[in-house]
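The data blocks that follow each hold one structure.
Presented sequentially are two complexes of subunit A, the first with subunit B as partner and the second with subunit C.
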Partner chain A sequence: MRAAIAACGALLVLAACKKEKKPAPPAPAAVVPAETWKRGELPLEVQLGAPVNGGAFTVRIWSEPAGLNRLHDQMAEGWMIKYLTGNVYEALAELDRDTHPAYELRPLLAEGWTESPDHKVLTVRLRKGVKFHNGEPFTSKDVKAVLEAVLDLQNLTTNLRSYFTDLESYEAPDDYTFVVRWKKPYFLANRNFLTSMAVMPASALEGDFNTLPVNRSPIGTGPFRFVSWETGKAITFDRNDSYWGKRPHLDRLVVRIVKDHTVATQLWERGEFDLMTLIQPAVWKSIESGDAKNAWAVEGYHRIYFLENIYFWIGWNEERPFFKDRRVREALARLYPTESVRDNIDLGLELPTTCPYYRESDSCDSTVERLPYDRAGAKRLLAEAGWKDTNGDGVLDKEGVPFKFTFLNNPYSVRMGKLVPLLQEEFRKVGIEMDIEKAETPVYIARMRAHDFDAASMGWSSLDPQQDNFQIFHSSQSKGGSNYVSYAEPEVDRLLEEIRVEFDRKKRNALERRLHRRLYEDQVYLFMTNRPYLDAVKKHVRGIKPSLAWYDLRKTWIQPSK
Partner chain B sequence: MSAAQKLRGGPLFRVWRQLRRRRLSLVALGVLAVMFLMALMAEQLASDKPVAVRVDGATHWFPNLTDPAALRNENVHRLRSRLRPELGEWMIEPLIPYGPFQTYAEQPTQPTSAPPWAPDGEHFLGTDELGRDVLARIVHGTRVSLTVGFVAVSIYVAIGVLLGALAGYYGGAVDALVSRVTEVMMTFPTLFFILAVLGLMRVQSMVPIMVVIGLTRWTDVCRLVRAEVLRLKRLEFVEAARALGASDARIILRHLLPNAMGPVMVAATFGVAGAILIESALSFLGFGVPPPTASWGELLTQAHRYVVHPGAWWLTLFPGLAIFLTVTAFNLAGEGLRDALDPRLKE
Partner chain C sequence: MMIPTFFGITLLTFAIGHLAPGDPLLIETDSPLPGSASQETIDRFRQAHGLDLPLYVQYGRWLSKVVRLDFGHSTQDHRPVTEKIAESLPKTLLLSTLALFFAYLVAVPIGVYSAVRKGWLERAVTVALFALYSMPSFWVAVMLLLAFSSGRALDWFPLQGLTSEGFAAMGLAAKLSDLAWHLVLPVFCLSYASLASVSRYMRTGMLEVIRQDYIRTARAKGLSERTVVFRHAFRNSIIPVVTLLGLMLPHLVGGSVIVERIFGIQGMGLLAFDAIFHRDYPMVMGVTTLVALFTMASVLLSDVLYAVVDPRIRVEVAS
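And then the complex of A and B:
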């Protein structure tokens, strides 16, 4: 389709010409947005009023999942986890959005649990009288089946399985009790187990894991049950009449899949979404102008600006001769024009960060200062590290090797598509040649995992602000883990290990702050930005609030028009 | 007969005389000539480095081509402001004092808003979302488009002529084989085939695009040549050549192909237009030439993000016009050539 659009470029142009020549309609009065609207804050009235039941709620989602089985590696992507968790699938516990930014645990399918003093035994009491969407009762055998599906090495469940490397045993002594035992204590072990196991009926997990019927039509215990999935168009959920908890207000939840941001913007302008997500920064800024042509956005929608727990980074593969030296990595960081990127590419919306944890948590050391944009300093550091232009060809070299590398880029990232050519120019000016190679997402991820890249960019995100960076920075994790850059530093290893067994949050935060400082000093990554949710919600939508764990649609309702 | 007379009476001259009568074809040829000049002289037309400069006691000729280390961090605007004519320093500027890679970070005046910027006195056709001059990028993009067009078409004309001539001349099993292969190749949708090949390739460059277009689109040429050779080989002059003891190779190369080249040239002219469109489509999809190379399709990709909110019509209009003009010019030239070569339309 898009190829056809390109081929018809000339036609589009002609259409555009005609449009230009039309006599201008009488200019309507300007629409000046309120300050809260500009900041992306929801006004108080959204949380007020007596909820009214009924109505359908349409959300724009950017990506189509490969399937709807939360346990499956290839299906569980960021967006489907957001809209399925808590709505269709429920876990034993959930992150309590009311306790932002700490996100304490709140029981969901568990009535409660007890932890042994050494944190190695977790005994969960399960809720009674809960029924799955297919009518089967929920018992401990379902929890067991889900855990066994995750642990089964035949299944593509490596992401969730990584939570259970220290699992010793598990058992279901009766229908409403479940016990897990760990070989060693780990501060996130129980939390991960309680919040991430999407519970589905044991009967639904029988058979070949890759072709289960629930991969296409999920069965859970949540307040919404799956109705239909039109590939490429929409996934529909209806209210679950036999829900065990408080009845949700909405009758229907429609997830509209619109991959193309421009098309999504046009549909949004036509009012097709109650909740528009992933508004592009340029669009976000353009509708602020106060121009009458933006009235639909200013008068029809509340904007939502909320910082996600995600940070984007550029990784330098330390297996390559260029990047092993910390001074080179620092030099490259000094060539990243933080301010100008913020103003010209991020339009002031993404926030520069230095921290691998949630920005508003106590895990970040707020005294860590970002390296300035400083070309002279970068040159000096590169010279110190031995990179000089000895043969006068304009490219730095060391021991006969020219400083030439390739940046692996994902063509779907609009931001990196702009940023990388900019960095390429910055690097060229100090004598570093960087080529750009594009790779489709699956290839891209595979190559990151195989450490088959020089430089690349990614974002690490977590719905839970309590997170563990062991998998990302521990030297043992360069094989099989997420330490794609092969970073190895004994002191960091030690800190990461201490953090894992520190159950006192204050003490753990202190260790995490030390880790943050050390990682930034080492320039393990070129830390870039935290990204916000840039969303908008129709003004008749009430009881909606952004959180790290996305929106709680159980509380959302629609104010009928008078 | 003198050489000039020979030329006047030659087939090329006859074609030219026919072409000259068709005003539209002449205009098309004119447009193409301008495009070629743009491609050849891109650096002289648009560059952030001067054509020649004397500064700091050294004279640099064509730093826009050589990018000397001494001027690495300079650009035309910076040089302009620090040039001291009283010391005998001078500079020859390119027509457009912006290079295709010169971003918002390297503007003569501090930008007050984020790019893309609308056309103004500084940037005649506006800038893209990185603040790069659209005119400079269109001029440099011409090179990509024309290179892809001509190299790809050359590859497939070569393949098509060879296979077509063999099939037509020898017939039988050779013909059957070539014809079946042709039919199989025709079932490949070029664009998707290229996308698949590019997905498998590690290097991103113009080369695989040109090669894949070349390897997939030879079928039309092949069928044309085969049909012509089939027709021609039964004519008396071929009989005569054979009677004189000419080898197969000589008959094909000296007698058959020169007479069969007319329709091939027409197909090739249309083919260049097609290849340019494919390259634009690929760049539009993000699989064209690697960044930051300027290409028309890449500009259209950006335009796609600026359709309504915020509108940036210059990102659609100008690269779109460049593609439209070039493709139309090639098609008109092709039509003119076809009519000129058609014996039935002769005076």
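And then the complex of A and C:
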């Protein structure tokens, strides 16, 4: 016992003297951030200068990935692809970040491709001389193996498999050619195929898909190769010395897992991240005050504000008697206190939207105007729809049914946790009684799918801004699809069907703009906001630029201090 | 007695876990294409994992595997449950053993002191302990980090994890000191609350004993107060605290979600929390089984310890 105490005492002493105190830094003077810094725009200098090779780049992520196999449903959420596997695996083509906001295709593991005039046959010429991180050469048999893994019904690859419901056949006539045939033309079929097949060696896909070694240590052809994964701590990648493309400048990429936002902010303040991600809105606002205590952020980092391709909505289940009527949905939208939400909940960071597409793309009709916050108008619309307080109990009713419903809320959404009570109060003022029910995520999603809710909220996002809304709004998708609100409108169905087979982008965009207008007029959802990335990058980082396809770390370098 | 208890615990956890609504594959995703997983995939997955069978069949299957020490694979990342536990358990054990050790190391003397001495200092200690006991650990943890690690006030301890960069390459002494340096704050967070309660238990135990006749006799013999307290009173008053130790042992393997999350330590608490959140049945059952075994072992242990510290209590072999 005594020995143990002595040993611990020694440990404590060691611990205390382990770290010499740093000399106290001189008290910084007040630092007023520049307007561009406040807006989260990267200054031009970041893109200038001659790249320097070397150095490690540290990124913060907020969750542990389930694995690093980009084909696996559980391992291919957007953030996992962006931050982790996006640098390891390559597909046949990538979204060209230089063509924002259209994001045309740029060949990657393909040298090029040809489409038959009827768009039903895609012939891809593969790049020669590419090697996987394990030294194996890349050929068409790898593409074939990947496609077969995706198509295998035993595998958890549903997300990718949904791209291939109309696949007729595929073949690899020689080592560097791959041909895909579709049963019918679809404007995204080839694009999805080219950009989403993360290519890995055929040999790595042998065995039980759930426990493949590549799930933990991925093998691709990308600019960075996997090195190590310490659970709960960090995942490390090194530059791929035998990369087929231009040599990346960074030597090492360290992705650190820091789940707690408060702790991540403190680590960031100590300068431990080259790229800080998912900055909390309150922190984002507090560091722009110009106080001396925020000098570390203003002087040490560039802030990055970039709108994601995501929109949040509130859905009214049209199987319920209240919400079938378009006028009721419009009335509810007029009760959404846009300004109050923007100032008090979103801190001016999220942008109100009306559009189910990427807001900067040509798919949105910029002339659609958002409904104002207007209680009188809402009351009038409700009355027109037949909702009146006939029995004087303070609650609107129609044909004996009181206007009472329940909002199903996911308790893990901080934003909705604040917003829904606000709506409840607004609704109460016009005589609508709304209860709030909380359900944790697995239950929440199960109930959305079963259409077992009155009102609920979600966000839809897509990595690719060229997207198809068929899954969400077509009447056929009420069953098994993502049309959780059971919206059914013949004209919208027609537009969605036309869009799917329109290969001319200009013409398709025109149809999409018509769809956007119609969906907003119909108030299929209460459209809320687009969310930005709130990131910050150390000032010594150069050649970095936000895009929907995330940062292109092949071009990023670290400017050594003089 | 222990075997039926084990069945009871695991059966109950199994039933509650599986009866709760939700599904391992329904994870949050904001892609409309096609949600987190199609119904077809969910059905196939349930079939592959035997989740479509009646509960008693599932439990029987689970049990028959467990006796062969096969806990199955996590449904989150498909790694073996035992591998994930083996990764988390040592960290939690290290943290909580140290925490318990320090809690007792400090609490027992404080308890004795506050029982035998009266005065303003004793009252001050009481108030301080209650204050300490009332503070929520998530708040204390964040405050400690702000004070000692952020560099805003002091920069003494690291913010995250149990080891520094390059730990593997260090010598033994450097490794130990690095570990100790990382352990100070989380161990404090884990120990302060039990410190407060243990010292109160100790005080109560002591107060009860010190009123006994034999203590008066000891004093009457002319023994020094020191001998009376430590030789005669202390031994008898430690019994309730030893029982308490038995009750605290299960926490050794359970871990703490809050402390682990804030200090970025991948321990048993986070493992269990994530498993429940993701409806990862094999993982939940694995952790439960471990904790159940530990709880039963510690009950047994405290019974044995009783006999050691109190000769009046004897363990009957027949039971």
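Operating definition for what follows: the second predicted complex is superposed on the first by the 531 of 562 C-alpha atoms of A that agree within 3 Å, B and C clash if a C-alpha of one lies under 4 Å from a C-alpha of the other, contacts with A are read in each partner's own complex, and residues count from 1 in each chain.
Convention: contacts are C-beta pairs under 8 Å (C-beta built on N, C-alpha and C of every residue); 3 or more make two chains touch, one makes a residue touch a chain.
None of these values were measured; they are calculated from a predicted model.
K.L.:
With both complexes superposed on chain A, which partner does A:P337 reach: first (subunit B), second (subunit C), both or neither?
P.N.:
First partner only.
K.L.:
Would you check which partner chain A:N134 touches, where first means subunit B only, second means subunit C only, and both and neither mean what they say?
P.N.:
So A:N134 meets neither subunit B nor subunit C here.
K.L.:
By the touch definition at the top of the document, which applies to A:Q154: first (subunit B), second (subunit C), both, or neither?
P.N.:
Only subunit C; A:Q154 stays clear of subunit B.
K.L.:
Given the touch rule stated above, what does A:V283 touch, subunit B (first), subunit C (second), both, or neither?
P.N.:
After superposing on A, A:V283 lies in contact with subunit B but is clear of subunit C.
K.L.:
For A:L422, is the partner it touches subunit B (first), subunit C (second), both, or none of the two (neither)?
P.N.:
Touch status of A:L422: first partner only.
K.L.:
Based on the superposed arrangement, let me know which partner A:L347 touches: subunit B (first), subunit C (second), both, or neither?
P.N.:
first
K.L.:
Is A:E440 touching the first partner subunit B, the second partner subunit C, both, or neither of them?
P.N.:
both
K.L.:
Based on the superposed arrangement, let me know which partner A:Q266 touches: subunit B (first), subunit C (second), both, or neither?
P.N.:
In the superposed model, A:Q266 contacts both subunit B and subunit C.
K.L.:
Using the superposition on chain A described above, determine whether A:S203 touches subunit B (first), subunit C (second), both, or neither.
P.N.:
neither
K.L.:
Across the two complexes, what residues of subunit A are contacted by subunit B and by subunit C?
P.N.:
Common to the two interfaces on subunit A: residues 5, 12, 16, 262, 266, 269, 440, 443.
K.L.:
Would you mind writing out the residues of subunit A in touch with subunit B in their complex?
P.N.:
Of all residues in subunit A, those touching subunit B are 2-3, 5-7, 9-10, 12-13, 16-17, 20, 261-262, 265-266, 269, 280, 282-283, 285-287, 294, 337, 340, 343-345, 347, 389, 392-394, 409, 411, 414, 417-418, 420-422, 424-426, 428-429, 431, 435-438, 440, 443.
K.L.:
Okay, in this complex, where on subunit A does subunit C touch?
P.N.:
Within the complex, subunit A touches subunit C at residues 4-5, 8, 11-12, 14-16, 18-19, 21-22, 64, 66-67, 73-75, 77-78, 153-154, 156, 158-159, 162, 210-211, 215-216, 231-233, 257-260, 262-263, 266-267, 269-270, 293, 310, 410, 412, 440-443, 445-446, 449, 458-462, 469, 471-472, 480-482.
K.L.:
Within the complex, which stretch of subunit C touches subunit A?
P.N.:
The contact residues of subunit C facing subunit A are 21-41, 44-45, 48, 73, 76-79, 87, 101-102, 105, 142, 145-146, 149-152, 154-157, 159-161, 173, 176-178, 180-181, 183-184, 261-266, 270, 277-279.
K.L.:
Mind listing the subunit B positions that touch subunit A in their complex?
P.N.:
Contact set of subunit B toward subunit A: 67-69, 72-73, 101, 103-106, 111, 114-115, 129-131, 191, 199, 202-204, 277, 280-281, 284-287, 290-292, 297, 300, 304-310, 313, 316-317, 319-321, 323-324, 327-328.
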